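In order of appearance the chains are A, B, C, D and E, and numbering begins at 1 in each one.
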Amino acid sequence: MKRIGIVDTTFARYDMTKDVVDVLTQYPGLIEWVRYTVPGIKDLPVACLKLFREKECDLVIALGMPGPKVKDKASTQIASQGLMEVQLMTMKHIIEVFVHEDEGGSPVELKNIMKDRASKHAQNAVDLLLFPEKLSSRAGQGVRQGFPDAGSL
Amino acid sequence: MKRIGIVDTTFARYDMTKDVVDVLTQYPGLIEWVRYTVPGIKDLPVACLKLFREKECDLVIALGMPGPKVKDKASTQIASQGLMEVQLMTMKHIIEVFVHEDEGGSPVELKNIMKDRASKHAQNAVDLLLFPEKLSSRAGQGVRQGFPDAGSL
Amino acid sequence: MKRIGIVDTTFARYDMTKDVVDVLTQYPGLIEWVRYTVPGIKDLPVACLKLFREKECDLVIALGMPGPKVKDKASTQIASQGLMEVQLMTMKHIIEVFVHEDEGGSPVELKNIMKDRASKHAQNAVDLLLFPEKLSSRAGQGVRQGFPDAGSL
Amino acid sequence: MKRIGIVDTTFARYDMTKDVVDVLTQYPGLIEWVRYTVPGIKDLPVACLKLFREKECDLVIALGMPGPKVKDKASTQIASQGLMEVQLMTMKHIIEVFVHEDEGGSPVELKNIMKDRASKHAQNAVDLLLFPEKLSSRAGQGVRQGFPDAGSL
Amino acid sequence: MKRIGIVDTTFARYDMTKDVVDVLTQYPGLIEWVRYTVPGIKDLPVACLKLFREKECDLVIALGMPGPKVKDKASTQIASQGLMEVQLMTMKHIIEVFVHEDEGGSPVELKNIMKDRASKHAQNAVDLLLFPEKLSSRAGQGVRQGFPDAGSL
């Protein structure tokens, strides 16, 4: 049994945790999960660390929606640096699922990107833990999350 | 009893500590607080570390007002990186409450943003320590501090 | 016998691992290799760390294709910082082989850059482990990977 | 007796150490100081670390004058990141006194900014070590170094 | 006897090690040196760490020529961050001698900058190890490497 942590924010405008859980529940007896909600993306890294150290998670999925302003992009760098550092402290993967608010032209489009990216990365998380050979078979294939695959050259 | 550290600066043009304390005093017997003032935002991280290590704080609220110049934005990144690193060193949350001087069009507007952001994040700090389920119930709801909530998509 | 790790991504649009392996197989009995595939470039650093710590690799070649958007460039910085940190944690070289999607004007051109850079850096990896004096003999000579050498001034 | 380290550079075009020492000498028996000069701002962090670890300093004042070019601004980020990291390694304050060469319109103006900033930050350093309550009494007051105070909103 | 490490790259278009060695050989019995060549600037930090830990160097001179593209500037930040981190891990100076390819208008001009900067920084390295008081006597004097001194204000 592998335990996946899910960290999300109150700042995001769509609850991606639902889409992640929809994937994880397809692996009963193999995958269990625990959730931790924080205010914004800069609060995610220490939440991930706590899930690894206090809840014995094997991998964490970090969900966030960076805002469109310059200062939001700067905050994203800080958050991502922190997520990187936590991975190296714990030697465990964190799958960062960030959807920038300006990636979608309309609210519907943005929501669809968020759903697609969250679902596909939840599957990536499962594959990293249980089926790593599936990822190797797709290396260099231009796989995308949030959008259709770009394909190989 | 949980102890919250408050670090602030002489550089900021409004004393957000007052607004934070107004929230914290609503939790007598549950929350106590200690304050540490430094010159500018780049001095905040080591002050946070000292509050965690020397004053046994459970969480720190870091208050700052980055200036509007390019070099001020660069300093903000340094300060935020430091706050991130302290969180990972201590495995405790730091709630960064930064209001950029150019977020408000007028002094009154800027002051209102600062008051609102400080108050709401003080509540977030309390919730992280005492009522984490309140945050989970608001995940993905487009919650904002300093401005009205953006709402869910 | 030296062991080289190869980490690559499903995001990249060409499988550079093939070109790396073509070089490494020229050193039977001297070089062996192990592969690890992850979704995107920000997942590479912890994969490298795991190859060093769990698979006893002596050097890792990290293959990636950053996308063309501003946010992709930002992700590249995070990935590169992580690769740097892993090197300093383990005191071992990671050869970063990143080809930005916008380095090539056409798909064919991009693919050629990727093949050339992967092959030449695979040779650099071998030289660092087995023939370091070959590198010293080329110091300051304007050697390039992905493009023809620039030459010395 | 508290010991303050002063690190400065040969790159800077004005010797701010004089202004710092003018302040520190007003506290005989309370403050002593030691100096370390390096070539440029990127050499300051390890010099600070050596002053903390080898000379038992309680706080370090880091004096530097970043140049006006884009690459100088990039170097400033590296230097500031290093100063941040040293603070967190030692749990001691470093007061960064950087004056960008393009902050002053004329040489005289630039020199005046450097003198003012160095003096006022020397006082901040003394206050952090000996009179922290003085800083708290000025929290949120828009205090500036190098320029007149901005005042509170 | 002090040992100085020299790390350089095959990417650079001029062999600055020659100019460094010309300076170091002026101190027989006081300074000895060891060299390590890597492909590019992002490979320098771990090479420096190895020189400190495996070759007992007292200081390292890191020679590199960042390219002119935006992505080259980004790589420079990664390299410089790594050099900073190694200094703080070892508490020893690394003198970064980077000449950006676009600092010189012509190949001759670029080569002259590289020779001048390498020579002068080699002297700085010697002074830091053997004659630190020489540096203090030049503090705040606008000393430059690669170009004539800017002088004091």
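Going forward, a contact is a pair of C-beta atoms (placed from the backbone, for glycine too) under 8 Å apart; a residue touches a chain by one contact, two chains touch by 3 or more.
All values reported here derive from a predicted model rather than from experimental measurement.
When you check each chain against subunit C and subunit D, which touch both of them?
The common neighbours are E.
Same residues or different residues: which describes how subunit B and subunit D meet, taking over half shared numbers as same?
The interface is built from different residue numbers on each side, given that under half of them are used by both copies.
Tell me the angle, as a multiple of 5 degrees, of the rotation that maps subunit B onto subunit E over the C-alpha atoms.
Answer in degrees: 145, to the nearest 5.
Would you kindly tell me how far, in whole Å, the mean C-alpha position of subunit C lies from that of subunit A?
25
What whole-Å value do you get for the distance between subunit A and subunit D if each is reduced to the mean of its CA atoms?
Comparing mean C-alpha positions, subunit D is 41 Å from subunit A.
Counting only residues that touch at least two other chains, what does the list for subunit D look like?
If we look for residues of subunit D contacting two or more partner chains, we find 77, 81, 85.
Write down the ring's chain sequence, where subunit B leads and subunit D follows directly.
Starting from subunit B with subunit D next, the chains run B, D, E, C, A.
Which residues of subunit D touch subunit E in their complex?
Per the touch definition, subunit D meets subunit E at residues 8-17, 35-39, 42-43, 45-47, 49-50, 53, 70-71, 74-75, 77-79, 81-82, 85-86, 89, 107-108, 110-111.
Using the touch rule from the top, collect the residues of subunit E that touch subunit D in their complex.
Residue positions touching the partner: 73, 76-77, 80-81, 83-85, 87-88, 91-96, 100, 121, 124, 128, 132, 135-136, 138-145, 150-153.
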